[in-house]
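Please find the structures below.
Each of the next two complexes has chain A plus one other chain: chain B in the first, chain C in the second.
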Partner chain A sequence: MTELQAERASETLSTPRIETRSFRSRYLDVLIALIAFAVLAALPLFFGSKALLDFVIRCSAFGLFATSLNLLVGYTGMISFGHGMFFGLGAYGFGLLMQRTGVPIPVAFVATLAITAVFAAIIGAICVRLKEIYFAFVTLAFQMLIHSTILTWASLTGGDQGLRGGIPRPAFLGIDLANHVHLYITSCALLVLGLLLMRQIAQSPFGYTLRMIRDNARRTSFIGIDVWRAKLTIFVLAALFASTGGMVMALFVSGAYPEFAYWTISGEGIFINMLGGVTTFLGPTVGTVLLLVLNDTVTRFTEYHGIVLGVVILFFAIGLRKGLMDYVLEWYAQRRGGPGERG
Partner chain B sequence: MDIDALAGCLASPACLVTQTTSGLIIGMLLFLVAVGLTLIFGVLKVVNFSHGAFYMFGAYFAMTAYQLSESFALAMLCGAAGTAILGLIFERVFMSRVYGADVLMQLLVCYAFVLIFDDVVRMVWGPEFKSMGMPSAFQVPPLFIAGGVVPPYYLLLIGVALAAAMVLGLGLARTRIGKVIRAAAHNPGMVSALGINTGLIYGGVFALGGMLAGLAGALAAPVRSLTPGMGFSVLIESFIVTVIGGMGSILGALVGALLIGLIRSFGSLGFPLFTEGLMYLFMVIVLVSRPSGLFGKEVA
Partner chain C sequence: MTRTRQPGISRRATLAVMGAGAVTIAAPWVVRAQTKTIKIGMPTILSGRVAQLGTSSRNAVLLEVEKVNAAGGLAGRQIEMVIRDSKGQPQEAARVARELVNTDGCEVLFDAEASSGSFAVHEVARDLGVLCIHTCSEASSLTADPKQHLPNAFRCVRQGIHDSIVGGSYAAAIAKAKGLKKWATCSPDYAYGRDTTGEFALYLKRFAPDVEIISESWPKLFQPDYTEVVTKILQAKPQALYTCLWGGDLTSYIDQANIYALFTQMELFAVNMADYTALTVVKNLPKGIHSGNRYIKTFPKTPENAAWGDAYRAKYNEYPTNWSWQNATAVMLLTEAAKKANSTDGKKVAEALRGLTIKCPFGADGTVTMRAEDNTLVGYAIGWGTTIPQEPYVPEVKAGDWKTIFELEAEWKKSKGYT
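Up next, the complex of A and B:
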């Protein structure tokens, strides 16, 4: 099967119905994104609280990370247990570039994305051949390999102490990231832009190819789509957004720590996805807010926050059996459908 | 990196014996945990992410029993039996509810219990490091084999683990219950149609897996320090073992555990900081060349 044939096959499959719909909804997405950004950007005018802004910045970092993971888990059916390695890679790559080379922030940003893409392409090329639980394990192994390397290579990464001494944040284009409000607005912009881009990927013909792979990979390859290439592409794309999340985090804490590359970050990402729900695009973002609120409030009241968190997870897993957004969506559909059926 | 130390050790019989025994006990403890994991996966098709907690509970149960009774045998028994009961309850009350569900839901339930169990241990036994201490029966001078030091307790530990492996392997291969378990792993619907209570089999297998992990924890209690969260590193390592050996294969778990044990003990000489990295590297190599593990059934 040549590339041309494969492309034609995917086009003929997805073109007719989706094209008109996605064309309109693309403008809608941009509009929603602009409104969301305006609301977020206006927040500091009304609430001066630093804690709130910090909270939104953390949400941006994890929201980008969790949504990019959902591109793999929810859309393509690739359960990655090592997605956090790209979060860590972004944080360390950016931090090291800023500390060692002193290039302007946008240059470091793009360079970090390039580094992440190379890593993701190599690791992905090895991993995406494997299926289901084996894919999960091999990504986990790579994550831990990178974590061990960070711990071992202390001369470069600072070992278990992490990157210390702060990340220099020189001003560029009138944006001074050392200023808290500027950092906040930049994080929001990155979040909204990242979500918008990921939304476009998810709604594109390529996004529908991914859903097809999730539902039946074998048939997808029968109709001439190179499954391996599609999986590798989304693996690399998702890594780029996760890396962006890591960079936001590095800017926020002004450093990078080995925990950023530890497997628990990947675990948290999966957990966020399950909390928010994997069937809606905004599910992971909602999950992020939910988890961070939960974490912050619970730690304030008790030192045993594991128990509380555990019970909440159990409630979602055994009680609702789905994420919050999935549940809300179903409830809403039922409510709308309900009266119509009766009347 | 310290290749000279590694080469020096490989040249000296005394060092070789010491490192091999320490590799063997790491491997044997890992085997007991991993074999439960692999058994549960083989029969229930569930990746028990909370398996490390059973190891932890085994150790704490054993420590408490030993402090109360001063009897080493009773401590081992308490560690194993306590976790078996815990496993049975855990499976029947919680895990059995998510069998039909997404793999992610199952992982989530287990993850919830990792958090809950760690905090329960922190509440009951306190957050600080504890130690059970070597039972007086084993406070005897170490043996010297080819100049290498081998504490007698290590021999007991290796013996118990090997015995468990034998009993388990023979039990599954030769007995009627073993046959039923293998049948349930293959086709639970048919087994249930033949009038066998599969729920009981599932609960039993989970309890058995929990018991083996608990036994490992109890055996490890005299030689390791006890802390909430101690199950976690063991869990990750036993995952590596099961993946290397092949999910669902007992022989694979044994070989994988021994390999990891030896990599750890010799790797700590040659690459003191990168020992963990070596394990993951090994896992990557195995997974890439044989995705189903060394002894796993071939997957497409």
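Up next, the complex of A and C:
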């Protein structure tokens, strides 16, 4: 039997089993998402703390952003240093549409996603051809271009003072985002829905194509896959989720500021991924919670938070040599006596 | 015999974690129960490039609060300051401000943020309805733009437009006296730099119509090397140069321009020079730089101002900054407003603050006023003078005329569509 025949034979044998498994796992994902949303939505009933709700809203914004970055970094091996530009685009696009056009929130939301998609497609078409450090630096260059545009186009963006005067939040479908609890529930819904969609992307055949590109792009193209198109698609999709994170942040602070599109936001995204781990789907979400807890706790006690965060980075980079979720997963697998399953 | 430790979390550790959790969750209620002290929250920049300004704001506030507490507190309640770092990031400033009110139970906010951070805290004040005093942002639109107006938010800060009017009229007088017709500008390339320079040029030309701007340079914020800017100005051969570079940028610029003897060839007007943070850092401070006052203990030339500057220096072993006097004034205004309202209730204090005039070491005539129409500080000491390389650095300051400022400010507001 030739190699090809053997492959075909194994395909016929294994395909139905894989399909059933993926079908089941998809239902399981939806179930977990529903439970997670129910738990998050019930929090205000048990805890009156507005700070807790604020914390979860910020987790939603950064969680969506960091997980979308992981689609590029962890799944496709594209280390983007400029992913923060889409976070900024989301915040500015949404804020400007709400301030200047007065359209309903869902329309502004969809329109912002459309604007982000156009930008991401143009920027991605140029960047994704490049590899490794060249890709990283060209994405960084585009980010700085967008940041500089925001700073200099003061008549539209308000320059370095940002979008002032608050973002109007007219009620829609009984949801009033000016109400803190409504904003909280909406942010949770966006987070859970965003994570669920990204999970589906990661677990789909397309998601496995991305892993293949990460592991060996040349071999992937030899088996007939258009690597450029796959990379561009994930670049645009990741931008859409980052943009959603930006919109949540814009709603939280009721404004948009040039710092949202600055390279430090991209740096924070990479740091979150380092903290949580890039080989598991929930790594970036865990990293977000870790970073925000660290940040909020440390800044309460000292202005020398830089030192503390630096020590934490060193601990993860030199001590654990991996993110927290990667470590936990490996530890769990070792206890069970088998290799850890990686995403 | 050796004791083996069971894997997993011990019962004692679990109890400790649960206890810590309960304390964290209960903290806000415990805080609110202690109503004897009044907490004032203050997000400011305590890390990064402008940390020195945030630290000087904190120092000034603590200096004043100590005095207020010793005199019986704010309408009988001792003040406790809760001061936290925002890292100069607007989203962090908003987060910290919300945390200070929602978790720490602060009843008043001092927003010691610069630029975009102050607008982020302004939105928190809009959302939570808490009494907020901006103490650092000089952006005129924060209070001049009626869209920004909030009954519970006040600005206790000098303003860009006031500085430009006074600077323009002072520079025009010198230009006329010395025949300085060809001018160059060199300011940081961001909204503050461009707006302030534009407004300065506007008023300079208004008071001295034959002045011409022959060269403009816009170095980047925090640019390390100014060689090309300096040579560009030298080639243009202007008679005077205006700059609104500030802090470390201004001191590096002067140090680098000194190598080319730039300041022997033209008059320099640097609005942000007369601040101790810049004056004491420049290696060879040229004589005769024209500057607006930021904080200088010799202007206003009163014993009260000198005593305040000395007390600050004695306590912290450094000079106060422009942010210091503004934050100190905020405490003074709040204390008087609470006394007038005989209450610490945010709404009553806000009502008392509106239009309030108090005695103040930093007032042009010994008083400052929280103008009622736009909740902003007026009547503070504002003027321009020339530097000398040693103390008192700016021996004579020519005070700006507030009557002219009010007239031109009203005109400016109209031109911007604010009134």
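Simple rule for what comes next: the second predicted complex is superposed on the first by the 319 of 343 C-alpha atoms of A that agree within 3 Å, B and C clash if a C-alpha of one lies under 4 Å from a C-alpha of the other, contacts with A are read in each partner's own complex, and residues count from 1 in each chain.
Convention: a contact is a pair of C-beta atoms (placed from the backbone, for glycine too) under 8 Å apart; a residue touches a chain by one contact, two chains touch by 3 or more.
Since we're looking at a predicted model, the values are computed, not measured.
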| task | Figure out whether A:V311 sits in contact with chain B (first) or chain C (second), or with both, or with neither. | result | first
| task | For A:I270, select first, second, both or neither according to whether it touches chain B, chain C, the two together, or no partner. | result | first
| In the superposed arrangement, does A:R300 touch chain B (first), chain C (second), both or neither? | second
| Thinking of the overlay built on chain A, is A:R164 touched by chain B (first), by chain C (second), by both, or by neither? | second
| said: Looking at A:V328 after the superposition, I want to know if it touches chain B, chain C, both of them or none. Which is it: first, second, both, neither? | reply: neither
| message | According to the stated criteria, A:R58 is in contact with first (chain B), second (chain C), both, or neither; which is it? | response | second
| said: If we overlay the two complexes on their shared chain A, which of chain B and chain C does A:Y257 touch? Say first, second, both or neither. | reply: second
| Touching partner for A:L151 - first (chain B), second (chain C), both, neither | both
| Which partner does A:M249 reach: the first (chain B), the second (chain C), both, or neither? | second
| On chain A, positions contacted by chain B and by chain C | 151, 304-306
| Residues of chain A that touch chain C when the two form their complex | 47, 49-51, 54, 58, 151, 154, 158-162, 164-166, 249, 252-255, 257-260, 264, 296, 299-300, 303-306
| said: Considering only the defined contacts, which chain C positions touch chain A in the complex? | reply: 25, 28, 46-47, 51, 84-85, 87, 89-92, 94-96, 98-99, 102-103, 115-116, 119-120, 122-123, 126-127, 139, 141, 145, 147-148, 190-192, 194
| task | Give every residue of chain A touching chain B within the complex, in rising order. | result | 73, 79, 126, 129-134, 137-138, 140-142, 144-145, 148-149, 151-152, 263, 267, 270-271, 273-274, 278, 304-307, 309-311, 313-314, 316-318, 321
| Okay, in this complex, where on chain B does chain A touch? | 47, 94, 97-98, 101, 103-105, 107-109, 111-116, 118-120, 122-123, 236, 239-240, 243, 247, 273-274, 276-277, 280-281, 283-284, 287-288, 291-292, 299-300
